[in-house]
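Order of writing sets the labels: A, B, C and D. Residues in every chain begin at 1.
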Amino acid sequence: MNDLLSLLLGALLVLNLLLASASRLRHCIKLVAIQGVLLGLLSLACAQSSGGHNWQFLLVMILSLLIKGGLLPYLLLYTMRRISVRRELEPVVGYSLSLVIILALTGGAFWLSSITPTAVAHGASPLVLPAALSTISTGLFLMVTRRKAITQVIGFLVFENGISIFGTGMMIHNGLLVELGLLLDIFALVFIMGLAVFNINRSFQHIDTHSLNALGD
Amino acid sequence: MLALLMVLLPLLFAAAAPILRKRPLALYSLLPVAGLSLCLVLAADLFCPERDLFSLYLGGTPILAADAISRFFLQLTAGLFLAVSVHAFFWLPATREHSSHRVPGTRTMHRYLFVLFLLAFVSMMNLSILSAHFGLLWVAVEATTLASAPLILYHCSEGSLEAMWKYLLLCSIGIGLALFGILLLAFAGKISSCPPASLGFADLSAPGVSFHPVWFKIGFVFCLAGFGTKMGLVPFHSWLPDAHSEAPAPVSALLSGALLNCCLLAVMRTLRLAPAEVLPFCRTMLTILGLLSVLVAAFLIIRQKDFKRMLAYSSIEHLGLCALLLCYCQTALTTHVIAHSVSKMMLFLLAGNILLAYDTRSISKVTGMFSTLPRTACLWLIGLFAICGTPPSPLFVTEYLLVTSLPPLLAILLLVLLFIVFAGMATACLSMTMGTPAPGSHERQAAQAAAEQLTIVPGAAALGILILGYITTLWMKQLL
Amino acid sequence: MLLSALSCFILFAAVLFLLFFGAVWSWFSRRRPERAKWLGALSAMLGCCAGTVLALPAAAQWVPAQHFAFLGLHWQIDALAGFFMLPVLLLGLAAAGHSLGYLQGHGGQRQGTYWFFFNLTLLAMLLVCAAATYIELLLAWELMGVMSFALVAFSFQEQETRHAAWVYLLACHAGAVFLILMFVLAGNPNPGYAGTAVACGLLGFGLKAGFPILHVWLPEAHPAAPAPVSAIMSAAMLNLGIYGILRFLPPVSPGLLGWLLLGLGLSGALLGIVLALAQVNLKRLLAYSSIENMGIAFLGLGLGFLGLSQQNAAMAVCGLGGGLLHLWNHALLKGTLFLLAGAVFKSTGTLIIDKMGGLGKDLPVSKNLFIANAAALSGLPPGNAFLSEIMIYLAAFQGVLSGNHVILAAAIIAAVGLALSGGLAAAAFCKASAAVFLGAARNPRNHEPHPECRLMLGPELFLSLLALASVIFAPWLWENILPGVLQQSPLIGGGSWPLSAEHGSQTLSAVRNFSFAIIALIAVLGFLRHRQLRRKVLDTGCTWDCGYALPTARMQYTGTAFTQPLSDYFRLTLGRHRSTVPVQGYFPQEAAVHITASDPGDRLVWHPLSRFTARIADKTRRIQSGYLHLYILMILIALIAMLIYAVASSLPPAAAPEPALPAAGQLHQNAAPLQP
Amino acid sequence: MPQNPFFWWAGLITALLLAPLLPGVINKTKACFVGRQGPSLLQPYYNLHKLFRKDCIRSSTSCGPLAWAPGLELSALLLALLFLPYANQLSPFAFTGDAFLFAYLLGLGRFALVIGAMDTGSSFEGMGASREVQFAALTEGAFFAVIGFLAFASRSLNLSEMLSCPLPANVPTVIAAVILAAGIAFIVMLVENSRVPFDDPETHLELTMIHEAMILDYSGPDLGFILYSAALKLWLMTALVVLMLLPGDLASAPVLFILHLLGVLLGGIVIGAVEAVSARFRFLKLPQFLLGALCTALIALALTVIGTGGGR
């Protein structure tokens, strides 16, 4: 079971690199969907290793798989098609440079987990902390450097996934109501962000958040 | 049981909103009725304090509970919502009729959506105050962001869109960091000598529980960053001026008056969990952020061109003061919070009236309010003196207590900053109220007359502040 | 004893009740100005009379000091409070009477608001005097600031009134902030902060009393305010600054306080009067002369405290007594002068001295009153200000006679400075009275000169009679009021040192007699001249104009010209203050000289300070740049800084030399471990 | 030394009677210097006699001060006369601090004159008044420095004791200081009475007058009052200088009485001599000159402080 866990975490790490170098918007959304699915499998694997089977956990796991893997990507694709945005993203930082930066961030994450042995011991596998930290930093990096509103939503989703990797990896269980609440919030957030992007496109005729700076002081 | 009622009642009224879509008067009356019902529920609690009506258990762990401090915040939020809803009842029709300033193309949000989201926003705030579990607290705070984001879009202009997008994104990042912080706190508990049972506040603050100090610090930093973003402490404040100035008057009143207090409550809860050896670190962080907020807000207020943004910066400054009060003088915190919320609500409602009458938010274009809007002008100046802490207002008492408990160097810096804030706001308010009205103002006669009728709630709030001021002065006499 | 305590409480409550409800009632009858006028005026006058009945016995120590609680707050009326209440009440009475006449013309419709703020300002000033602990003082102090701000901003249509009101409001608030700082630092246990507490106290009270650099609001606020209001502010409100110092200043060594007050007094007196010379606006001239007289009062107090520190009884009594007496005299005289300035404004519509002239023919009684009070205020003998100045001279020369050389040097400089400021004051008031009342009217006034308004003359005569009475009762005032008043102040050591008053009373009675001698001599010579001319023919001719064909009124010496040699000598009106339209061609059309005298306090201190704050504000605005990406970046940087600080502070102090932390994350400079 | 009030009253009466003689003496000495015969010594008396009998013309623009100004000035000066210790006898009206009353009475007289001058509304009188006020303000300082010196030298604040006290210590520095102070008093006297180095009483050019410009519009008894008070002031200030130079314990009262009369007349001759030999200073130089006088008076005080070993 342990090797399946580390396989999944390894896949997640590779996914971060792909996300950094993805130049097509549609491609980015697919990667986020894959990340959602991997996250669902990860929670299943952690439950196996800690033996915490109960129906509540399974319900949460299936729901998160469905929402993060299926519903949200579909929503993003639908928004993209409706506002017929141009395919490629104009990043503030070049693709190769962002790849190097993500690599550096992941290296930093590994280095951080190496100097805090106590934490790693408690997690399901030694890879959990670095995977969580690198995904979080990738999400934030995407939000800072990508111009388009939709990519910022994607960045935010990656950021949330990173946090839930840490949550599931370290086997912190908050009870059914809270887990459902988390999922509902994330879904509602992305839904409203989609609506906002739709409105921005209608009144600004573009969704480049970099030029949304009228309200400066 | 009452707690569930407090959360579900507004949702119930919210559900009724789409049904009354066709009849605007009934739709608008939903708000004051909801406000009144919340106050009745709280009154019920006041009459029989001995039975704990609030706690709600789910699977052994209490989900909703109300201790002394959260009961105070509940009453404050309910009171504020009642006042704002009564004002909104009159303000909404007036705005629709007179707000010609919007570009003809842009539309305003549909009435029932506004009422729906407003009620949802209030219920989520009640939920965040009443929640007894850290995770539920996070869900509720995130839900308040979601409920209040569409409200900013009431007048769907370019500015409000941009403000809403920034509000959504920055608050979500902040709340995400808070979630990571909560997980880190749980993790710190898990790896410590005797881990807490669950993330409920009762278990976390149980006597035997201990936390791993280093991981607790890191967790606290993330929580502070997260809830600090929602609270508007400086490095994380960037969304606040845009959101509060673009939102319509009742919404910005609630945002400033009630929402910032819920996040303050969240920070108070995390601070209360801190083990002894971590407490000095947490207090230092809060002091640094508090002082930074007052500093930056002071220097930003001076050069302000827009009076709603000026009020937003004053909220940032006052929340910075609340952070300082949290570390140095807890007793004065509740007085400061209630005084700030009431006077800020009054000022934002008045700002809404001025916007309605003058159709502009720039300070230089609004002149001669004493001749065009006499009542609003008087209340505007009373608000200025109340919010800047001149003696008759309770804020003077709390600022005096804070300054006595601060180390002298910080006290001098704080007083200088408070003076700069007073100078900045006085310049703006005086130039608005005095002077001869601009030549073009006579054709907006109807709008000005409508704005003059809307001064009932702010007037009541002003009276409340003065009475509160007198009571707190007497309280201060026994204290010192 | 019980009776007096009860009656004092009832009187105090009556005064508050009268003023407060008079104000509220006149506010609510704003619609009917006539009713509001009489309502407000009557309540103000009754309040002041009741207050005098309360304050006079307390000041004259017929009734022991009262201490009581009213509305939950603690108040006390003792000799010191009574002494400083009297100017407030008397001026309030006079100003209320004068406002009836003054507001007939331009402020007529807004009587309700005027009387509301007028009564509340009086109320606040009485509360400041009666405050027992620092909470009541701060409350009353800020209330006084806000209410008098509303009065200063009464005619807010003009731009300069708004600017003046804004400057005044900020000055009052800054004063309150310094006071808060003083009370906070005074309460601080460790002694290191006692010095700063005293400094903050002096700054806070000095802002209200017009210290040299902190005086900038005074010449702005007084011309902007209606005349009765500026009379109360300059006569009664400035004294409260000194009252605050005497009662609420934390304990400090008399020597240090003496040197401080001496320095401030001397510089204030000279700065005030030199600037008064160069003023074109009549009320600004009077405002600067208030700064000068406050400087003289501080000079007296400074010499008194020096005497206290040197155990030199004569110097202490003459100095302190002279300072307080000067406050009293200045209050009466300056109040009359401001009311007269109001009368002048009513009849000419302007306050610019160079535009007036020849008013003596329209306002004969005001002319004589103005010249008499001006002479008295510049310290000339028959006036009452001479009594207090001679006391301060005595204190200075006691210092000269005392053994200590340093005190000798300081005292002689003080005496010479006082003499110089006396001479300049005479020059300034000659300019004011001559250019306004005497000579021919410089520009022909368009409206016909309406007769002198009786209503306005009454209060002025009342105050002048009071000034004359205070010449007569000066020795009585000196013997049994001043020692009692001075004992009350904690700084003067409350009775530990005999403050007997025999040092000055002999001089005072002699000077009183000689004042009467002068008046008698003038009468005799006047009668002699009258008898001499009775038989002669008395006709009038035009003034000697050296035979020039077309003498016009504009050839007269204007006020600015009158003091031009002096102000050029003090570098006030040279350089960038003077813009000239030169004479061109053989038949010059039009040439002009425009001289503005800017206040050095403003130019050198306050304007650079506000520019510096504005520059900082512009730099901080860059934080709010509007770019979403920069905001997110700012959040992340702040987060990383806090994390580094968290980990750094949690490392055990005896950490391994090379911390296991990543070398890359350097310690963020502003997150240094601040252990509170 | 035994006080003899009789000689004090005699000094007072001679001052009242002989005051107009002093301008005559000054004009006579000036005339002798240039070889002219000059007006008779009693000419001022004749002028006064003539003036008191003439009619009075009043300017149309004046509204009152022109009438009571001369009376006020004369009464101030008459009162100031009471405080000087003629023939070194203590004046019966002396009290502590009467030196300041003396100085401010002169100030009152000057204030009256200036108000009277401005009342006529003529540019010449305005110019004279403005200059008078400027120099007066600057001399106040010097005069009070002299009073300070006298107070320290005589250890008392009473003008009579100040002027009639013996030398504090016949050490050369103290004597030098007394002479220096007397010199400063002499300069102050020249400025106050508008004698030549500062103002020319006999000039006919209105633009150059100071004191004369202020009394252009007076006629008849008013002009008489003013001329008489000008003469009184001259006598007063000269007497002040002379009494400073006469140490108190020199001789018995009658001898001192005669000495002080001769001293005053000698002072008149010295003033005449000074006027004959020196020309007027430029106006812009006068303020520096007066401040110089103030500083020398302070130096004199410093000398006495050192001379008398730092006072008792």
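Here, a residue touches a chain if its C-beta (ideal position, glycine included) is under 8 Å from a C-beta of that chain, and two chains touch if they have at least 3 such contacts.
Remember, predicted model here, so these are calculated numbers, not experimental data.
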| item | value |
| --- | --- |
| Chain pair with more C-beta contacts, A-C versus B-C | B-C |
| Farthest chain (mean CA position) relative to chain A | D |
| Length of the line joining the C-alpha centres of chain A and chain D, rounded to whole Å | 101 |
| Separation of mean Cα positions, chain C and chain B [Å, integer] | 43 |
| Whole-Å separation of chain centres (CA-atom averages), chain A against chain C | 69 |
| Inter-chain centre distance, chain C versus chain D - centres from mean C-alpha coordinates, in Å | 37 |
| Shared-contact residues (touching 2 or more other chains) in chain A | 140, 143, 152, 209, 212-215, 217 |
| Residues of chain B whose C-beta touches two or more other chains | 165-166, 169, 173, 241, 300, 303 |
| Where chain C touches two or more other chains at once, by residue number | 621, 623-624, 628, 632 |
| Listing of all chain pairs that touch each other, if any do | A-B, A-C, B-C, C-D |
| Touching residues on chain D, where the partner in the complex is chain C | 52, 54-65, 67-68, 70-72, 74-76, 78-79, 95-98, 100-101, 103-105, 107-108, 110-111, 114-115, 118-127, 129-131, 133-134, 136-141, 143-145, 147-148, 151-152, 155, 157, 206, 216-217, 220-222, 225, 283, 287, 294, 298, 301, 305, 310-312 |
| Of chain C, residues touching chain B in the complex | 72-73, 135, 138-139, 141-143, 146, 153, 156-157, 159, 162, 165-166, 169-170, 173-174, 176-177, 180-181, 184-185, 187-188, 193, 196, 613-614, 616-618, 620-621, 623-624, 628, 631-632, 634-635, 637-639, 642-643, 645-647, 649-650, 670-671, 673-676 |
| Touch list for chain B against partner chain A, complex | 58-59, 61, 63, 106, 133, 135-136, 138-139, 142-143, 145-146, 149-150, 153, 156, 158-159, 161-166, 168-169, 172-173, 176, 179-180, 183, 186-187, 190-191, 198-199, 212, 215, 241-242, 245-246, 300, 303-304, 309 |
| Interfacial residue positions of chain C with respect to chain A in the complex | 621, 623-629, 632-633, 636, 660-662 |
| Touch list for chain C against partner chain D, complex | 357-358, 360-361, 364, 367-368, 371, 375, 378-382, 386, 389-390, 393-394, 397-398, 400-401, 403, 405, 408, 412, 415-416, 418-420, 422-424, 426-427, 430, 433-435, 437-440, 506-507, 510-511, 514, 517-518, 521-522, 524-526, 529, 532-533, 536-546, 553, 555-557, 561-566, 569 |
